[in-house]
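Please go over the structures that come below.
You will see two complexes here that share chain A, one where it goes with chain B and one where it goes with chain C.
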Partner chain A sequence: MSSRALLPRWLTSEHPLPWLFPVTSLLLVFGLYPILYSLWLSFFKRNPATRKEKFMPSYNWEKLFSDDRVWDAIQITFTYAFIALALQLILGLAIALLLDSDKKGYGVLRALMTLPLVVPPAVTGMMFLLMYDSSFGVISNALYSLNLLSPSAPILGTGSTALWGVIVADTWQWTPFMVLIMLAGLRALPKEPFEAAAIDGASSFQSFIFLTLPMMSKIIALAVLIRGIDLFRIFDYVKVMTDSGPGTATETLTAYAGTVYFKSANFPYASTVALGTLILVLLTATLFIKVFKVRF
Partner chain B sequence: MASVKVSNLEKAYGAIKVLHQLDLEVEEGKFVVLLGPSGCGKSTLLRMIAGLESVTGGDILFDDTRVNDVHVKDRNIAMVFQNYALYAHMSVRKNMAFSMRLKKIDKKTQDEKVKWASSILGLDDYLDRLPKELSGGQRQRVAMGRAIVRDPDVFLFDEPLSNLDAKLRVQMRTEIKDLHQRLKTTTVYVTHDQIEAMTMADEVVIMRDGYIEQSGTPMEVYDKPNNLFVAQFIGSPTMNTLECQVAEENGLLYAALDNIRLPLPTDRNLQVGQALFYGIRPEHLQVSKISPNTNGATTESPLTGSVKVVEPTGPETHLYLKLSDRDICAITRDRIEIQPGDEIYLQPDLSHVHLFDRETKQAI
Partner chain C sequence: MSTDTIKSVARYFVSITIVLVFVFPIAWFGLTSIKPVSAVFNKDRVVVFDFQPTFDNYRVTILGGKKSDTKADSGILMGTSGEGAYDGRGSIVSSLIIAVCSTILATSISLLAAYALSRLAFRGSQGYMHWILSQRFLPPIAIIIPLVFIFRDLGLRDTHFGIIIAHTLINIPIALLILKSFFDDVPREVDQAAMIDGATRFQCFYMVVLPMVKGGVAATAVLCFIFSWTEFLLSLFLTNSIRTIPVKITTFVTSTGSEWGYISALGTAAIIPGFIFILLVQNHLVRGLTMGAIKD
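This part shows the complex of A and B:
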C-alpha cells in the first residue's frame, strides 16, 4: 500500500487545499492579519503619559474626522496624486508613441528608458535632494539662472514649490512604468485599422485622437488605476526629501500616519489614519473602475 | 472613377526584390483580379497602388496622373482588408461615416449616404451595433459599406473573403460582383483563390515570384495559358500535365509516354524527339467504359486508365486514375457506373490539348 493511500483525501494532491495552502497562509499572515490588527488597535485610546491603552471603539475614528491635519493631508494627497498621475500619463504616452518603432536603436532606447525603475525610491529622493540643493544642485542652479526661482526660496524649503519638487522626483522614477505599459498596449494594437483610417483620409493626429486613444482606453485606465493607488500611498519621497515640510506643506496621509506612529508613538491613532487611507483608496479606486468601466 | 496604370513598377526590401518591373493597365470601370500563390507579390502591388507601401522604382498612374508621391489619404481610393480592419469601438454607422466625418461633410448627407450603403448591403438593422456583435459576413459588408460611401476612384480588395466560410464566400462573391456591376467603380481585387478570380474578374492577372505571368479574361487564361505555371494554377482540379516526347510513325506525330501514344494536334510546329509537357484539362478527357475502337470510330489504340478514386460532386464526377504510373484526373458529366479498380477508356479532346516546352515551360 502506498503512503498516499494512508493520507486523508484532503491532504493529497487531488484536493485543492494543499495547493491553496501556501499562498492563502501568506495572504492571511502578511495581508489580512495586519489589517485586522490595525483595526483592533484603532479601537483603543492611548494615554501618552501613562502609555496605557483603553478600549474606546469610536474615539480614534471621531478624532480622524475632526482632525484638521487629516483634511489637509487628504487635500495634499489628492493634489499630489492628481498632478503626478497627469504628468506621468501624458509623458508616458508621449514617450511610448516616440519609442513605438522597429527602427534600429529603438530597442536600446526602450531598455534605457526602464533604468529609473530599478533605483530604490529612497535613493531617488536623495538624488533629487542633492540636485535641488540651493548651493550646488544642478536643477536649482538651472532655475536660478533662468530667473524662474530665487536662491532665497529653495525648492524643497518653500511651501509653494516643495510639493512640486517631490512630484518631479516621483515623475522621473515612475514615468518609465507608464511608458512600459503604454508601449505594450501600442505594440499590441492591430495595424489594419490605422491603414484603413489613412485611406479614409485621417491625418496622424486624427488617427491618434479617433483610433489610438479609444483603442488604448482600457490600457490607459488600468495604468491610471495601478499608478493612482501607488500615488495615494506616497511615503518614501516625502520622508526622505521633505519629511512632510516645510511645516506640513507636503504632508500626505501616509506621511501623517508615519508621523503619528513614529514621532507621537500613538499607535492606535496611526492605525486609524492608515486604515482611513486604505478606505479612501478603495473608494476612489472603486469609483474610478465604475465610472471608466475598467475591466480586468 | 479612374483608370490605373502601373509601369515598370519595382519593389525591394533592402537587397530583396519582391516586384520586378511590372506593367499593368486597369481600364476605368473594370474589375481586375490579381491572382497568385502566397508570396507572389500581389498584396504588395495592391498596397503600393493604395499608397500603403512605398515605390522602389517605376510609376503608378491614376488617369495618367503620377501618384507615387501622393499621400494615401489623398488618392481617393477605398480598400477592403482581409480581416475587415473595422474600428472596433465605433458602431456600424460610425464606421461607415468615418471618412465623411473627417471631411466634415454635414450630418444629413452622412446619414443619407450611410442609409444608401446599408440598404445596398442589407445592414439596415445593424447600424447601431458594434463590429464585435456582427458575424464575419456582416463585418465584411460593413467594410464594403465603409468603402462605397466614399464614392472612390478605385476600389481595392485585399483577399476580402479569405476569413469567411465556404458558403458565405460564395454568397459574398456574388454580392461583390453585383455591387461592381451597379457602381461600375474601377476595382483591383487580390486573391489566391482561382475560383474567385475566374468568377468575378473582367481581367485576371496571374503573378508568381514578383512577375506577371499572364493577364487576360478568365476564359483566355483558362483556355490559352502562356506557360505551365498558369496552366496548372488555373482550373480545379488542376490540368493534367504529362512529360512526353514527340515521336513519329507513318508520317503521323504523336506524344510518347512510356508505351502509350497520345494524339497531338496538327496545328503546332513540333520536331520529332522534342521534349514537352502534354497538358489536358480533366473535363477534356472523354471517359467511356467501352473501347472507342469497338464501333470502328478510330483505328488508334485507345488510352486506358485504372480508376483509383471516384468523387461524385453532383453535377459531375471526378475520377482519379493511373495512366502508365502517372496520376491523372478526368471529369465526366455522364452518369456512368464506375468503381475504383475499373479500367476505363480515355479520349483527349484534341482541340483542347496544351503543349509546353519541357525546358522553357512556355506554351507551344
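This part shows the complex of A and C:
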C-alpha cells in the first residue's frame, strides 16, 4: 500500500492512465501524427521541375476532384470491392452450410479450408501469376482447352479480364474468412425454431430464407463490414499481380496513391489521394455501421 | 441405397471437391518448387508429374547455396543479378525478428490497455474504444507517406526497429479488441475477491486475471505473428536493404522473367510457419478475425 501514499493517484494502477499510456502514445506518435502531417503535406504544391514545394492549401484538393484518374480509381475500387464481397459472401455462406456437419471428416475439411488465410497476400499474388501465365499457366491452359480464353488475350494483360483475375485471387484467399465466420454463426443458432418449422412442413430452403438468414443478419453485417473495409484498402494483389495495369485497368485508389508516390515522387499529391481514400473509407464504414447497426 | 445415404455421399463429394479447389493453388505452388526448370516452363505439357524432383530451389533460396553450384537445370539463368540475389536467408531472419518482436510488443502493451478498458470504468472509455477501432480501418497508405519522412528524420527508416514499430502499430487495434473480449469473459468478482485480499490493481491483473486468459493471449499472439509475417505494404515502403520475405519474393520477378522455381520455394517455405500456428489456434480463430465481436 506504500505506493499509494507516495504517488499521486493518477500514477497508480487504480487509474487508467498508466495502463493506457504505452498504447496511446504509440498510436498518437505513429498513427495520428502522420495523418496530421499528411494533411499538412497536402497543402503544398510540388513543382516537379525544381522539386520545390509551395504553400497552396487548395491546390491538391482541387486537383483531386478534377483528376479523372481518381474518379476512375474510385469506380474500380467500388467495382472490385462489390464483386469480391458478393462472391465471398455467397461462397462463404454456401460452403459454411456444406461443411457444418458433425459427421466424420468434416473437421479436417474445415481445418484445410483455413489454410489460404495464412498465405502472405504478396505470395498469393505470385501463386496466381504462375497459374495465369499465358504460356505455361495451369488456369490459362485449362481455359484454353475449354475455349474460354485465347492465348492472344492473357488474363492479366487484357483490360476487360485483368480485374477479374485479381478478384479471383482475393476471393480464393478470403472466402475462408467468410466460411469461418458463417460457421460460427450457424453453430450459434438455436435449434427450436428449425424443429418447429420442420413440424409445420417448411422445406429446408424455406427455413434457410426465413429463419437462418434473418437470425444471422448481425453476423453477416459484421463480416461484410470487416471484409469490405479490407477490400477498400486493397494494395498487395494489385501491386504484385498487375501493378495497376494494363494501362490503368486495375488501378484502385490505394494503388494510385502508391503510383503517385513511387513514380512521380509528388508526395503532397500522393498524401492527398491517400487522405481522400481514408475519408471515403470512414464515410462508407460509418454509414454502414449506422444503417446496419453493427456493434463490436 | 436409401436417398439419405446418397445425399450424404453427395455432400461428402461436393465438400471434398470444394476444399480441394481451395487447397490446389498451394499444392501447385509447392509442386512447382520441387520441379526442375524444364518442367516448370514446359508449355506443351502444363500438368507434369513424371519429373525428377529437385531441392535445388530450396538450396539456393533458404540454405544459401550458390546458383552456380546447382545443376544447370535450376534457375533460368537469364538475369544478370549477382549471386546472392536469390538468397532468402537474410529475409527469413529479418521476418522472424520483426514478427517476433512486434508480436511481443503489441501483445504486451495491448494487454495493459485491454485490462483497463475491461475493468476500470472511466469517462470516455467508449470513445477510446471507437478511436482504437477506427485505427483498424485506417488504410495503411494514408499514414505511410508521412511515416517515411518521420522514420527518415528519426533514423528508423530501413531498420528492423522501424518495421517492428510499424507492425506493432497495425497489430495494436486487433490485439487490444481481442484481448478485451477475453478479459470481459472473466467475471469481475475474481478481481474484487483479490482486491479484498489486499492486492493492488496491477497485482490483481498480473497474478490473478492474466493466468486465466492465457489461451486468449496465445491466440492473440499467433494472429499478430501471422499479420506481421504476411504484411507487405509497410515493409515495402519503409525499407531498402532489409527485406521481409513477402517483399523479397517480389524482387524475384524481373523485367527479363520470373524465377518461378525460387519464388515457389521461398513462398512455400514462408507459408509453413503460418500453417502450424493457425492449426494451434483453430478454437479462437473466429474471435480473432472479428476482433472479439463473435465469441466461439
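Just so we're on the same page, the second predicted complex is superposed on the first by the 290 of 296 C-alpha atoms of A that agree within 3 Å, B and C clash if a C-alpha of one lies under 4 Å from a C-alpha of the other, contacts with A are read in each partner's own complex, and residues count from 1 in each chain.
Definition applied: a residue touches a chain if its C-beta (ideal position, glycine included) is under 8 Å from a C-beta of that chain, and two chains touch if they have at least 3 such contacts.
Model, not experiment: these values are computed from the prediction.
Visitor: Are chain B and chain C a fit on chain A, or do they clash, once the structures share the same frame?
Guide: fit
Visitor: See if chain A has more residues touched by chain B or by chain C, and give me that chain.
Guide: C
Visitor: Identify the partner contact of A:A285: answer first if only chain B is touched, second if only chain C is, both if each is, neither if none is.
Guide: second
Visitor: Taking the superposition as given, does A:P22 touch the first partner, chain B, the second, chain C, both, or neither?
Guide: second
Visitor: Kindly classify A:M215 by the partners it touches after superposition: chain B alone (first), chain C alone (second), both, or neither?
Guide: In the superposed model, A:M215 contacts chain B only, not chain C.
Visitor: Just checking: does A:F128 make contact with chain B only, chain C only, both, or neither of them? Give me first, second, both or neither.
Guide: A:F128 sits against chain C, while chain B stays out of touch.
Visitor: Looking at the overlay, does A:Q75 come into contact with chain B only (first), chain C only (second), both, or neither?
Guide: A:Q75 sits against neither chain B nor chain C.
Visitor: Would you check which partner chain A:S204 touches, where first means chain B only, second means chain C only, and both and neither mean what they say?
Guide: A:S204: touches no partner chain.
Visitor: Using the touch definition from the top, say if A:E195 reaches chain B (first), chain C (second), both or neither.
Guide: Touch status of A:E195: first partner only.
Visitor: What's the minimum Cα gap, in whole angstrom, linking chain B and chain C in the superposed view?
Guide: 12
Visitor: For the complex, which residues does chain A have touching chain B?
Guide: 190, 192-193, 195-203, 206, 210-211, 214-215, 217
Visitor: Residues of chain C touching chain A in their complex?
Guide: Touch list, chain C to chain A: 8, 11-12, 14-16, 18-19, 22-23, 25-26, 28-29, 32, 40-43, 46-47, 109-110, 112-113, 115-117, 120, 122, 125, 128-129, 131-135, 137-147, 149-150, 165-166, 168-169, 172, 176-177, 198, 200-202, 205, 226, 229-233, 236-237, 245-247, 249-250, 253, 258, 260, 263-264, 267, 270-271, 274-275, 277-279, 282, 285-286, 289-294, 296.
Visitor: Could you list, by residue number, the parts of chain A that touch chain C in their complex?
Guide: For chain A paired with chain C, touching residues are 1, 3, 12-16, 18-20, 22-24, 26-27, 30-31, 33-35, 37-38, 41, 95, 98-99, 101, 103, 105-106, 109, 111-124, 126-131, 135-138, 141, 172, 175-177, 180-181, 183-185, 187, 219, 222-223, 226, 229, 232-233, 235-236, 239-240, 254, 257-258, 261, 267, 270-271, 274-275, 277-278, 281-282, 285, 295-296.
Visitor: Touching residues of chain B toward chain A in the complex: what are they?
Guide: 50, 52, 72-75, 77-79, 81, 83-89, 98-99, 102-103, 146, 150
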